[in-house]
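Read from first to last, the chains carry the letters A, B, C and D; within each, the first residue is number 1.
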Amino acid sequence: MISIRNLSKEWGDFGLRDINLEIKGNEYFIIIGPTGVGKTLLLECVAGLHYPDRGRVFIGNRDVTDLPPEKRNIGFVYQDYLLFPNMNIRDNIKFGLRFKNFSKNEIDEKIKKVSELLQISHLLDRNPKTLSGGEQQRVALARALVIEPRALLLDEPLSALDPGIRRILQEELREIHKKIKTTTIHVTHNFDEAISLADRIAVMSNGEILQVGKPEEIFRKPISEFVADFTGIENIFNGISEIDGGIAKIKINNVQIYAITPKTGNVRFSIRPEEITLSKMMFGSSARNTFRGKILGIADKGQLVRIVVDIGIPLAVLITRGSYEGMRLSPNANVYASFKASGVHVF
Amino acid sequence: MISIRNLSKEWGDFGLRDINLEIKGNEYFIIIGPTGVGKTLLLECVAGLHYPDRGRVFIGNRDVTDLPPEKRNIGFVYQDYLLFPNMNIRDNIKFGLRFKNFSKNEIDEKIKKVSELLQISHLLDRNPKTLSGGEQQRVALARALVIEPRALLLDEPLSALDPGIRRILQEELREIHKKIKTTTIHVTHNFDEAISLADRIAVMSNGEILQVGKPEEIFRKPISEFVADFTGIENIFNGISEIDGGIAKIKINNVQIYAITPKTGNVRFSIRPEEITLSKMMFGSSARNTFRGKILGIADKGQLVRIVVDIGIPLAVLITRGSYEGMRLSPNANVYASFKASGVHVF
Amino acid sequence: MMKSELMLIFFALMGFFSIVFIALPLLNMILLESPSSLLKTLQDPKVRDAICLSIYAAFLTTVIAFIFGVPLAYLLARIDFTGKNIVESIIDVPIVVPHAVAGIALLTLFGRSGLVGEPLSFFGIRFGSTLLGIMVAMLFVSSPFMINSARDGFKGVDPRLEYVARTLGASRWQSFLRISFPLAFRNILTGCVLTWARAISEFGAVIIIAYYPMTAPVLIYERYLSLGLDSSRPIAVLLLLACLAMFIVLRMITRK
Amino acid sequence: MMKSELMLIFFALMGFFSIVFIALPLLNMILLESPSSLLKTLQDPKVRDAICLSIYAAFLTTVIAFIFGVPLAYLLARIDFTGKNIVESIIDVPIVVPHAVAGIALLTLFGRSGLVGEPLSFFGIRFGSTLLGIMVAMLFVSSPFMINSARDGFKGVDPRLEYVARTLGASRWQSFLRISFPLAFRNILTGCVLTWARAISEFGAVIIIAYYPMTAPVLIYERYLSLGLDSSRPIAVLLLLACLAMFIVLRMITRK
């Protein structure tokens, strides 16, 4: 459990203003916001690397504000890995264990365990600069996790990676958190990461927390225009997926949606409004998802018209003005909404 | 007219191997390729900034290989603008005119004209470092154009700009070229730029020219897998657009496609295969574009199936395996292909 | 701030000693002399001549270092050639050559029977006990500062700025004069000030090659030997103030 | 290459003069001495003592500069404080202080009637004509090299590496010893070599504060005055060779 109370800190050009956050035990908490709004500074205050101008930081009910970082037992991982270049991988991971009273055997055991968890056992004798970005970030994670920290602070841990490895490591972060349950604060400017990983999300801008909540709440009920603009995602839902005959069926409120994904169980997914087609009649087409629904609202967007259709879940749809006029749609009218299974983006 | 014959040049880690290119007078010629394949080096050889190890460069039928750059009268614009920081904007533009025998009045006249062309008249007394990226690139272009060069060499001129201003400047490059017709070689790694601007395109990789041709040829008939993978664009067409009742109608081979664009006249456009829906029957929906066509080919892509439909033009479509099997599609069968007007990407 | 910052406090203490060790001797010396005693010393024509000679010789040295050093600096910043390594090493050698050794070496070469000094003496060009000798000593010890500063300056100028200038019609010479030189100017100026300061401060090489005409450092040494510490101190303070003034100019250039 | 490269050729010519001007005096001097004359000179106990004293005093000076300079360098690289500007200026002052002036200033402060020298003389600590005096002179002129090199080294170490070390349980002192110091080590070593070279090369300040015990530069000067150029030259060559050897070590450190 981490609790940040009324924390303020000036630092160069920007600062943190009156931050209040309660992160629950074992929670994966994501702070999302544009770059340069003080997200890193906030993490560094939690870690004890900066002393706040005002406010207190609690970890597990203990006030740690006056403790130096080495007494806080918090794992910290930066975007650019920051492996110690004067040590090999094994010594990097061992670094934090030196300051605790472990026997040689215990140390070896811990290094072995964490290396297996992060699949870096084959890298232990290598030099940091010979590793790829993804490998370096795994080592940085291992180095932070091996000390069994009370909390894990991740400062844009995936931002410096190539898209392919980023997605893989994102999955692994989720798996690792499932296994070891360390309370985690993860800072990012990437929506995908936030939707994919977060138990809860805080949106931050200009040194202030604008909104805190579950991902669906943040993305579907943004409390300010900034949050809405910044996230910019509509049609985001949680459902339960099962694979049947090579295609996934996701159930949500008695609605069953076809999607292309290997994931099963609880999933979060979104559908882009401009990829949904409306029609007055049912027809057979290659669009696997077709639903009858009632029009809840119509909003004029210039050349485009935004229509919300209730198909059991509220679905935002963008169509052209020409289509809109041609189909003579009106509120409360019944329409069919259809979209392709490939248009369902599962996180 | 620029002619590059058998040009080879080693430079540090990479080099150019046996480059042959014929750029026609007044042509807008784009060299496209991944970063670090020697595109800049090639331009610098044409400008005389490097002396080739082998091969000759001709400009307007004259062999300029042994001429120093100051004798070639070629405008050169780099990605990062490179305005002279010790001069204001006016003096930057004036720089090239100092070395020619112009009267003060002629110089002022030329600066006025080029400043108006590039809409930078209000910036003339400013200092380079107070300008935005887009403004700096306009000045760099003005500085190169004011000497009325026999050829204009643009080295990734839009890469360092924000997406918004990039699109605007891309349009302006096209307009400027229409007006002044200077033979232009433009180097980029961006498809949009190439499709949008080029009369002809050369694809370059590892210091070699792989293919030269009109944009449609390059993108639709790539002669090697590298070209195909690198460009990665399907369904690209040229047509004539006219605006009718707020929506654009693009005519191509007697096919008329609805699109959302303010552009008229000759346009180039593409449609993403996964945004096209197939059905066995015609129906009214919000998809403005529906065409009857015959299936030319079917290719299995795992969970997805790629189908080419001839609707007057060949259209590649991606649908799910489930849809494919449900609809019992086969070669030469007739189907309806439909896609939304907002799915037509006009360059 | 947080606790457990003992290390920083300890480091600050060590640093404080270093600062005091450098500042105290100079402050102590300056404060021991009253303005009136300095003025009186300035009225001594031998003192005036020596200080003027030092300033003048250091200035001429700087001009020569500029003329020969800036072109070399430009080449080192722009062109890669085999042996560049060795050339750069040679340039740095004077920094590590003991001053008395430099004096002996220069006198050996430029002295009346030296490899260079002997032929030139037929033309009436002498180095021993002349302004020319002083300048040779000063130039030898100070030229690395000019070359290295100017090289750093030219390295900071994107060579593609010159490329652009040349496509616009400027010759190599014009693009050097209009682009690279103005843009490297602050570094070159820094080099000039450092060269001047190093030149005026030189004692060992100068006293060996030219005891006369007497530069300020030599005069300070002579007064110290013949009349004692108290007689030499006012001259030392005057020379120090001249150097500190130049140093402040240098700081203003590099800070800006 | 292309035509119209006259400017580069002209620049190369000017550069060539600079290189020759630096290299020729040293080469000329070295080549004038035969190995046998050098060996004979080395057998003179006064020469051996002077060279050993120079090397030894410069070494001790380097150790002291290291102990006091590295902590200051670390603070300057890591902490921003008001007046940092002034502190950095003071550190650079010895570079522009004429050597003879430094000698007078140090003798004034550390001499028998000086502000520091007088109280310390009651404890039997004397600076005039002692090894301690030589070291004070050497330390004053050479400490900027240690501090500036080490500071550049620490500046090159990402402070967040220390942050990470501290979250892993290292105290400030441990993260300094295990992370920052090893990573800045090459720069610190460079600083040590430069400090040693500057210390051994000092003549003006040393001769004023301590003519005896005789360091190699002072001995060279004394032999030159009493016996002439040819008698002092072998000692100069020996000292030069020692310095050049150290210089090559320096180059090897910085190149790697």
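Quick notes on this structure:
Methods note: contacts are C-beta pairs under 8 Å (C-beta built on N, C-alpha and C of every residue); 3 or more make two chains touch, one makes a residue touch a chain.
Just so you know, these numbers come straight off a predicted model, no measurement behind them.
Across all inter-chain contacts, the pair with the most C-beta pairs is C-D.
Comparing the CA-atom centres of all chains against that of subunit D, the greatest distance is found for B. Put simply, the C-alpha centre of subunit A and that of subunit C have 60 angstrom between them.
Put simply, the C-alpha centre of subunit A and that of subunit B have 36 angstrom between them.
Once the centre of each chain is set as its mean CA position, subunit C and subunit D turn out to be 16 Å apart.
Touching of two or more other chains is recorded for residues 48, 68 of subunit B. The multi-chain contact residues of subunit C, meaning those touching 2 or more other chains, are 4, 171-172. Residues of subunit D touching subunit A in their complex: 158, 160-161, 163-172, 174, 178-179, 182-183. Taken together, the subunit B residues at the contact with subunit A in this complex read 245-247, 258, 260, 274-275, 277-281, 283-288, 303-304, 317-324, 326-327, 338, 340-343. Every residue of subunit A that touches subunit D in the complex is listed here, in rising order: 44, 47-49, 68-70, 72-76, 78, 82, 84-86, 95-96, 98-100, 143-144, 147, 149, 153.
For subunit C in complex with subunit D, the residues that touch the partner chain are 4-8, 10-12, 14-15, 17-19, 21-26, 28-29, 32, 67-69, 71-72, 74-76, 79, 85, 87, 89-102, 104-111, 114-116, 139-140, 143, 147, 171-173, 176, 194, 197-198, 200-204, 207-208, 216-218, 220-221, 224, 229, 232-233, 236, 239-240, 243-244, 246-247, 250-251, 255.
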